[in-house]
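In the two assemblies presented below, subunit A is common to both, partnered first by subunit B and then by subunit C.
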Partner chain A sequence: MNSVDTVVYLISSLIAISAFYIQGQEFIVSMIRGQSVQSVLIAVVAFIIGWQERSYDFFILGALIIVLRAFLVNYFLQKRIPKEKVYLYERKVSLSYLFLLDLIFIVISVFIIYSIAFSGIVLHSFLGNSGNSAVLVFPLTLFFQGLFLIASRRTTFTQIIGYVEEENSLVLFAMFLLPIPIIIEASVFLDVLALVVISSIVVLEKFTHEPVEELRG
Partner chain B sequence: MILGQLLAVLIILIPGAAGILYRTGIKQASIIGGSVDLAIAGIMYFIRPQVGFFFIQNSTMVFIVMVLAVYLLSTVYSTRYLKGVEVMGISEPTYYLLLNLFTVSMLFSLEVNNYGLMWVGIEATTISSALLLITEKTETSLEATWRYIVIVSAGVTFAFISIILIYYILGTLSVSAAIASHVHSRIMVLAVSLALIGFGTKVGVFPVHTWLPDAHSEAPSPVSAMFSGVLLPTALYVLYRVYEIEPVRDLYVWFAVLSIVAASIFLGYQVRYKRMFAYSTMENMNLALLGIAAGGPLGITGALLLLLSHSFGKAGAFYSSGNVLRFTGKKKIAEISGMGTSMPYTSASLLMSSLAVTGAPPFGTFFGEFLILADILSLHMYAQFIIVIISLAAAFISMNYNVTGMIFSGNQPNVERDRLMPALSVLSAILPLFIGIFYLVVYIEIL
Partner chain C sequence: MDMITLAETLTQYFFVVLSAPLYAGILAKLKGMVESRQGPSIFQPYYDLWKLFRKVTIIPAGSGVFFKYIPYVIFGIYSLIALIIPVLVPVPIYFTASGDFLSGAILFSLAAFLKTAAAMNSGSNYVALGVSRSMSFNFLSEGTLITVFIAVSLLTATNNPYTTNAFLVSHSLENLSLAHIFSTLAFFMLFFYETGKIPLESPGVQELGMIDEGLNYEYSGKLLAINRWSSYIKQYLLGSVLLNVFLLPWGLFSSSPYFLLDIPVMIAKWVLLILIVLVVETTLAKLRLFRVLDYLATAFTFSILFLIFAEVIP
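And now, the complex of A and B:
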């Protein structure tokens, strides 16, 4: 493993840590900012791969991530946080218990999925020179962390962030494996942004989600 | 052909173009646009675009016609239905604008020759349709909207992994090229399997179906008709296009069978009629998935016939439900009685559509189910055949028992105040009958 590989692994680790940071937060604004930092880190990875591979597509991708994910998603979500104090953080969350459960879920699911499906995969970028695909563990971790965040929390904001985290993992996954055409990637970014905007409209009407009698069965 | 490309583009753009008249006459423009679009689809059947940006086969045409016909019916039905909505979550022009964009995104998903753009189109259907669910704004509809957004979006991300993997193996996202590639690998099996979870969320495959009954039951009836009649088939079409690359038959067949069993069980204990119809949709979609997974000419023809008949039959069922809700204000099966006298036209459409979607002969759905099951038998899948037959029988009995109970128990004074709404529900419910008879006539002619 050369020094550039090491830097990519290091930043990818920070991306995974940012996901755990978000999981550990009660305050909505901290989660939103955590997502922004995560997106910027993914953009940095895109710039490094673009520089190594001499590919402009990665630079465009990185720029799109910063503008659409790190900035616009953050802007739309922060704008929608109600001013009342009770809405600033998620109440009745057992953070330590969820964190433990989260770690067990992530370790088991990533281990199973990676060893069954992705361990023998050959990466097309310079990251595949070392002959292993271990770097794919990071997007997988992010993906399952996003899923867990959606499943474990009750507020609309947290679930939106869980979804954005899942989408971030797909960008990272494609960057490591083989980036899909930039026009498709841009369309996906815009789709996700539109979904965040639509979701943020629901936020105004419904802040938390509990079981509803009429929707049982 | 250039003309073919132009027609394909026009079909997508026309419903969206009605949005230009947002402030003045979007309602009328949508109806005119829908009618023109149907006519263009008729022309495009003969003048197809070359394979390039678009990939339109005969099967695609069936889906396009289905989407446009149900869109047109729902738009006309909405003109009356919306008048009775007490608290509107969105304005009337916004409703039509979103309905049009919803149709545009479905047509785009059907026509494009690119898996990535198909995914974008499917995600766009969620974006455009989510706010339609809160047209009749209540706490429950808001919760259903949120569940729809979060479950479908989270599920569809699995499908994007599948698309990344397809691109990794084939180096292209072109649907036509991928189908012709005949590449077999372990990763491709993984990609097609993940698509079942991803796009399967939108199709209503068990256990990722949970958004379906909530969204169908809380959406306004014309939107429920579009969800059930054309949105789910559109997602199924995209799933079929992925499945064609590497048919993972056993996995798809068993998931379809399991979903049919689950749907027939859930359907049995529903107390609200719209939720009951929602589970019937889940059953029919998975039956079509079974036909596609079987993959023979019988299975594919059966699936297309089933989906086409079901789209009108289920639209009829949801329009009838809309009539019942509008004329009585009641949502529970047990609260409705004497429909035969209180709503004669609606009860006729409700009965016909109920028989149609449960596969009674001679409705088109019956022949579709027959062909699918024949294909399953030809593959010697006896266990699957028996399980499906039992589930279909259970669903048929429980649904028609509830519907006949609503219609034939007791006498009530006539409350059918509107003419157009019952007329549209009867028209939709009768179409599967015509499709069935038409198929039978053609079949006998061929023999």
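And now, the complex of A and C:
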């Protein structure tokens, strides 16, 4: 394993930890900021891959992530937080219980999916030189943590952040896996931004959602 | 009988047992200086132990045999651990072969279990409170302790702490590997819990903050002194594992006459650890009692997560 690999692995594990940080927060503001930090870390991974692969696409991608995810999504969500004190945080977040469930969830889902579907995939030359695709565990972990965040909380804000976290994981996945044309990535980013803007208006109508409430009819 | 190994064994054992209260004294002194007090002497823990040894021991009516004799057993267990992990001399000594890392962790768990059993045996309500507290936190801390030790053994594919120490000294870059960094972090968090440091437990016998002290509530005189001394040894053992296997594996001498130099080296390492503890203790506020569980869950999450990543990533 060379030193660039090590740096990529370290930053990727920090991304997984940032997801745990978001999962453990009660205050909505700190969750939103956690999401910003996570996006910046993903942008750093993009810059490293761009520098390794000598490809400008990754630099543009990283810049887009910082501008759209870390700043604009953060800005729109923070603007929509109601001013009343009762809405600033979610009560009864039992962190220890959530962390343990999250761990179990990650272990089961990531390992089954990784070992069935992704273990044979070939990556960028500098990441896959040891002949395996283990780095794909990180985006998968992040994806399931986003999913678990949506399922475990009631606040609509938190569920939006869980959704953004899932999108982050897809970006990370795409960066590790294969170079996607930058125009597609950019349109996906704008899509998510529009969705966040729209759903932050929905928040004004209904502050909390039970996960399966809307399915009951 | 190999005289050098015997000398190393005796040095290690007596150094651990006799110097263990010193570090608590140094910490109290430095803390006093930070808080603009003169602070107690660094030998205050020894004076306290000496005073307690001469006092009358009161056995509560209704307490059982466990209450009276278990403190000695616990002292014995910590003495055994002091002989099987590299807390002073970085080469195997007598008794080293009797256990590995995991058995060290299990002996710590055994001592914790016996301590609660003996405390329950006193039949006091206050002690029952302390027992229920420590039991509701210990299930996570023991899990972390065992997982962290397994995570470290993954580096060398052996469960022998001496091999791990030698490996980390000779392969300096492995200290920066993912598994090692995060198991160090988890063990560091665990060290604060196990030794009752401030974000988790305020020292002294205030009822609101006590977890481990609650178990000593009914003890007095000689038995209390032995319990205290065992706690000091436990703190030394955990701290030395943290220093020698996780944080700073370098600097220990193994050849024959030089192993005596390990004593000043270990004290210097401990002063460094005490400075870190001092910064944490004087800057953070104590967590509310039910938040301790969150703290331990975080440590446990770190250890499990990086056990997994260490196994998956080449």
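Points worth noting:
What we mean here is this: the second predicted complex is superposed on the first by the 207 of 217 C-alpha atoms of A that agree within 3 Å, B and C clash if a C-alpha of one lies under 4 Å from a C-alpha of the other, contacts with A are read in each partner's own complex, and residues count from 1 in each chain.
Methods note: a residue touches a chain if its C-beta (ideal position, glycine included) is under 8 Å from a C-beta of that chain, and two chains touch if they have at least 3 such contacts.
These figures come from a predicted structure and were not determined experimentally.
Overlaying the two complexes via subunit A leaves subunit B and subunit C side by side, clear of any clash.
Judged by the touch definition given at the top, the superposed model places A:I121 against subunit B, while subunit C stays out of reach. Contact with subunit B, but none with subunit C, is seen for A:A174 once the two complexes are overlaid on the shared chain. Once chain A of one complex is fitted onto chain A of the other, the partner contacts of A:A63 are absent, as it touches neither subunit B nor subunit C. Judged by the touch definition given at the top, the superposed model places A:F99 against subunit C, while subunit B stays out of reach. Looking at the shared chain after the overlay, A:I112 reaches neither subunit B nor subunit C.
In the superposed model, A:Q159 makes contact with subunit B only, not with subunit C.
In the superposition on chain A, the chain among subunit B and subunit C reaching more residues of subunit A is B. Once the two complexes are overlaid on the shared chain, A:L204 sits clear of subunit B and of subunit C alike. Minimum C-alpha separation, subunit B to subunit C, in the superposed model: 20 Å. Listed in rising order, the residues of subunit C touching subunit A in the complex are 140, 176-178, 181-182, 293-294, 296-298, 300-301, 304-306, 308-309, 312-314. Subunit A makes touch with subunit B in their complex at residues 117, 121, 124, 143, 146-147, 150, 156, 159, 162-163, 166-167, 170, 173-174, 177-178, 180-181, 184, 187-188, 191-192, 194-195, 198-199, 201-202, 205-206, 209, 212, 214-215, 217. Of all residues in subunit A, only 1, 6, 9-10, 13, 16-17, 20, 24, 95-97, 99-100, 102-103, 106-107, 114, 130, 132, 134-135, 137 touch subunit C in the complex they form. For subunit B in complex with subunit A, the touching residues are 114, 116-117, 119-120, 123-124, 126-127, 130-131, 134, 137, 139-140, 142-147, 149-150, 153-154, 157, 160-161, 163-165, 167-168, 171, 173, 187, 190, 213-214, 217-218, 266, 269-270, 272, 275.
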